[in-house]
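One chain, subunit A, appears in both complexes that follow, with subunit B as partner in the first and subunit C in the second.
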Partner chain A sequence: MFYRLSGVHHTRYQSARQLWPIPADRRIVWGLLALALLGPLILSDLYLSSYALPWLVWTAAALSLTLLMGVAGQLHFGFAAVMAIGAYTSIHIVRAGWPFEIALIGAGLTTAVIGCVFGAAALRVKGLYLVMATLAMQYLVDWVIINVPAISGGAQATLQTPDVRFLFVPLESDISLYYGALLWTVIVTVFVLNIKRTSFGRALVAVRDKDYAASIIGVNSFKYKLLAFFTSSFLGGVSGAILAFCYYQAVTPEQFGFNVSIQLVAMVLVGGLGSVVGAYLGAGFVLLAPIFLTNFVAFLSNQGLLDVSTNLLSHIPLMAYGALIIGFLLFEPLGLAKIYDNIRNYFLVWPFRHSRS
Partner chain B sequence: MKRFIKGLTGAVATAALATTGAVQAQEDDTITFGLLQDFTAVYTFLTNEYNQGQQDYLTLINQEGGIDGHTFEAIVRDHGNEPQRGLEAYNRAREEGAVLMDFLSTPVSRAVVPRVLEDEVVLITPLHGRGDASDGETFPYVFPMMATYWSQAAVLANYIEEHEGGLEGKRIAHVYIDSPFGREPVPILEELAERKGFELETFAYPSPGNEQSSTWSEVRRFRPDFVTIWGAGGGQPVSVQTAIRNGISPDQILSVVWMAETDARQIGEQAAEGLKRFEAVATGTDHPIIQRIQDKVIDEGLGAGDAENVGTTYYNIGVATMAVSVEAARLALEEYGAPLTGEKLRDGFHMIEDYDAEGMMPPLTFSEEDHQGGGYGRVSEWNGEEWEPVTDWFAAYQDIVWEEIEESAAGFREGN
Partner chain C sequence: MDATEQSTAAATTLACEQVTRRFGGLEALKSVDVSIRQGEIYGLVGPNGSGKTTLVNAVTGFYPPQEGRIVFENRTINHLRPYQVAANGIARTFQNVALFKGMSVLDNILLGRHTFMRPSALASLFYWWWAQKEEVRHRTQVEEIIDLLQLESVRDESVDVLPLGMQKRVELARALAAEPRFLILDEPMAGMNQEEKEYMVRFILDAQEALNLTILLIEHHMDVVTAICDRVAVLNNGEKIAEGTAREAIKDPAVVAAYIGKSNDAA
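And now, the complex of A and B:
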């Protein structure tokens, strides 16, 4: 009824293997893309610059991490450090007089190389031990940034991003920053969606599921683990640069602290490991739910419906947020993406009850 | 999917309603301040008392009839020390008409500085934020308002020079939390070491500072005559306790402004005797403003929090920040009339001359160049029961401090 599956027959491999074989899905995607493109028209400045923009950038970061954690199965608890390397590299390249486009690529490559060095630990250790190795990366990178003034920028440890142009468009107004972030997020989205249906993506999945089984069937797990770290760090580094240039417009060490790494992991887990929709939902939830809850509780208190101390008032959103995370994960352990999937499956065959997957 | 979208639109609509409601509730003769602070993450050791002091002072002014009929309203929100939440809260408060912001968080203030300069909204950064914002010409809308960490280090060094037998030949250890904040006073101390001929050694302990033994055993080996400790919150009592365990007496220790009654009690009221700290605002209830707050706000049941907090170190600092801001608003309204904008408020700050909040603070004077207000402070000592001032208000070595401010501000103009 809603998805109108009847009459959809794929007679060629090409059409059966496209990203969204069901026309209704395609329409939803185009609709969402159109909404995103019209963002500056339908959203007020506040919602554009404080909600939509950070959501997009963090989604790109969560997608980069979900490629590594969800698709390739390599846990990474220091992804904020990866983004920090990208942000600092890009800003230093731009300040050295190179164009922004080069800086983005440079940021990606530098991050990819450094990410690979730490990712090399993954060749020896797995699971919780890899978590420790990546945590070490987080603290090491933090330490280096704070203790080398040439990187962090002197006593105040703040570097402002210079005015830059991206493909001849100056990144100054809120709208151009929004479109810059949107472009990058769309690129990462399409990239990750496509990776999942290439031989590279299938090799990553094989390594994730059992690395020695993968080796037995001829997948070089050494190579693919490193490639996973390389690709994901590249994307993460560029996302860090985009975060710095399009959102914060300044770089300080605190923006990439350990808590940010945990937030990123939370985005990926709450959203659903390895899912692209999940990265969007997870980033939106982790980033925006505390803000919505804080404003909602403040609204209740302004209306006189909630008469408690300021201190408790600021902690209620945290409690609600925690309860929501637990609630969602209890309701559906596979994350928000799975909830979406369940709803979609229900409507795929509606008004009938049983769907295949 | 549809259900999901429906839910989402519902949520967005509620939020939108919430905002419009707030905007409509605001009347024209209300002056709105955004007190968007960290109630839940890093600065929790002071936010509660500090914010309570701010709110109570604004309530006091409203109780006394406001300024020419203008009353004050505070938007109080938590940003959890996260820059992106701070930016959201800032943008929202700005839409709701706030003309002054206080984030009480260095990361958030830093993230917002470029925007307030563009949006022409006053940002006060008392005892946090960028010290170089004291340079009013580079940061026209940012007011550190009280002594920067650089000035605090200068005041503490000058105290040793004047009251503890001079600096020459002394061995001074600077023990700090390993962060930009802890490292901030080091250039001032280094410069002073060179000028005054004392030996300076710096020791960092890892954040958050719950465990500092290894650092302090190194400090003991250095055999310092005096120690300056630069930390905040839970790390502070740990510093003093570990120092005592390493044979350093509290009266050799001079602390940055973040040292309150609770810290002294945690060390042990008797054990902490002799401990000295920098003080930017007088502590205690024995001040006309605090007395009036007690009478007209707390006794009327209008207080923003626990009545026991009134008169504590951080409560009084909060009161003082709002006293200065309200004074600026008063001067601005007198000069330019309503409605109050960020630009007028900034000029109001520039008009403040020798304002001391009825004796609670050192006399502050701001100008277009100086947004620090002179860098005054005093040293107070824990006498076993309370913090007792041992000097008068004074400022020290402002030439060195301003060299640092100007160098750093020049860096900001170049993009640092």
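And now, the complex of A and C:
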């Protein structure tokens, strides 16, 4: 088969530690990247801007959250609030006349600082108690945004994003918006992958797994918990800004409500905690599965195969969606990434049945 | 006996002076005095619950002593936090292996080099221009330790699939990767068979010689203690009841009483 371990010998530490040490993995990644770059040629405008683009942006957000929840082990149930801070900050910076690039960095930094303040709760509590603390962040941030007119522009208000240029390219056409989102998602992906193979990521994992063992080898667990919140909030804030500018092109507080936080957690869990592939698969599943299910059920009823009331018809996709999530988690609690991993392992040892470990 | 005479002249590496640690009403350590000399293997023995591990936890900053002083290389380290103690050159292993499950052997040992690395998110982002050089440099040093402890064959395995004896060896490797001057081994041979024990003793002696270590060894296997420890202290109920060469300490009436119990016939 094309997918082989034998014959792959690394003679330098650099190549043994590269992102994808197996050539077949590298080919797949390059192939997918080429597909993503050719997206505007392959997909129709509708699919490009209402399926592919949100998938990319939500993947970036899910990657930011999986860095915190999966790699560093700090639960966060208020990540939509983190994205909201980023979105609102970037809009206000752009409105004040600064360039978009500065606005993105400013949004990231503001979010990181505020995220750190709430993340400081993680220094004292873990598990469910940390969930409560981050939920408090969600509601506090929501409340502040809604009730401070300087931020939201008044209750029930919608802030339109101004036209901006990113690196001299005006972000106006669907194609430029798509490439903007793609660029950010690629950056976040490479970033998270690199974190996982360097001392920074190892320290985060050490604090997650056994904080006493981490401290005895010199890891300051307070520092790394805060750094995890800082880094993840930075990425989440910028993702929020990208989401506002590239997809919604307007922001309202409802876009970043509690249900969005839960959706993000679902993406991370369904995909597989701490996994980069999982963030892609999880975001894709949570975003696209309801759409496909709705279309599928509508198709069935149009064909006369499904004869039920319209009321029930609108609920069937939701029920199927819930059942799918439960089904996947029962079938493989480690998420879609683990399913992908099993398939990959199968091909790695094919035609034999068992992998080495 | 040569070794003992040499180390008598050597400087004190770690001194515990009148160390007391209480947990509520329980005095786990009662004014314990221990002084460990540069280059020796110092054994710490005693029945279960006698305060051996508490003493180690006091030294490494997990349970700072309420009274007394701990001096490491002429510096008081009482009030340092565990990660600061580690940065000062003290490493330890744990009684029940504390490896990071799910990480490979290599990553576990690389974590041992944490105090020498400069982890940062930015360095990770610009991996190819920034973090890679550091990773490779430390990888070379980790490979030397892998070589010393003969872990080549399991380098890329996940630690949770390894047998216990191997896991303990990986933990020793992780501690050695931190280039400690003082190494604390908390029951490195617990749960091992004779062959694994012999391997472990060999590795400890090799490491001590190669890296010029001072070692504090907590161990229940008396054959090991008598074979490799230069001096031994016996703890019972948080008090030091005997100190000296292993053979002297074992014959001490107080030690016999602590382990076997006192009876009028024996006395």
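Going forward, the second predicted complex is superposed on the first by the 354 of 357 C-alpha atoms of A that agree within 3 Å, B and C clash if a C-alpha of one lies under 4 Å from a C-alpha of the other, contacts with A are read in each partner's own complex, and residues count from 1 in each chain.
The working rule: a residue touches a chain if its C-beta (ideal position, glycine included) is under 8 Å from a C-beta of that chain, and two chains touch if they have at least 3 such contacts.
Note that the structure is predicted; figures quoted are calculated from it, not measured.
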Pick one for A:Ala320: touches subunit B only (first), subunit C only (second), both, or neither. neither
Touched partner set for A:Phe191, first subunit B, second subunit C, both or neither: second
Is A:Leu182 touching anything from subunit B or subunit C once the two structures are fitted on A? First, second, both or neither. neither
Now for A:Tyr340: first (subunit B), second (subunit C), both, or neither, which partner does it touch? first
Given the superposition on chain A, which partner contacts more residues in subunit A: subunit B or subunit C? B
Should A:Ala107 be classified as contacting the first partner (subunit B), the second (subunit C), both, or neither? neither
Overlap of subunit B and subunit C contacts on subunit A, residues none
In the complex with subunit C, residue positions of subunit A that touch it: 13-14, 17, 190-191, 194-195, 197-203, 205-206, 209-210, 212-221, 227, 230-231, 357
Complex interface listing, subunit C residues touching subunit A: 60, 62, 81-83, 85-87, 91-92, 94, 98-103, 107, 110-115, 117-121, 123-125, 127, 131-132, 134-136, 138-140, 157-158, 161, 174-175, 178
Touching residues of subunit A toward subunit B in the complex: what are they? 2, 28, 45-46, 49-51, 54, 95, 146, 152-162, 247-250, 252-255, 259, 287, 290-292, 294-296, 298-299, 302-303, 309-311, 313-315, 317-318, 340, 343-344, 347
Subunit A partner, complex, touching residues on subunit B are 1-4, 11, 14-15, 18-19, 21-22, 25, 39-40, 48, 51-52, 55, 76-78, 80-85, 87-89, 91-92, 95, 106-107, 110-111, 113-114, 130-132, 178-180, 183-184, 187, 304-306, 404, 408, 411-412, 415-416
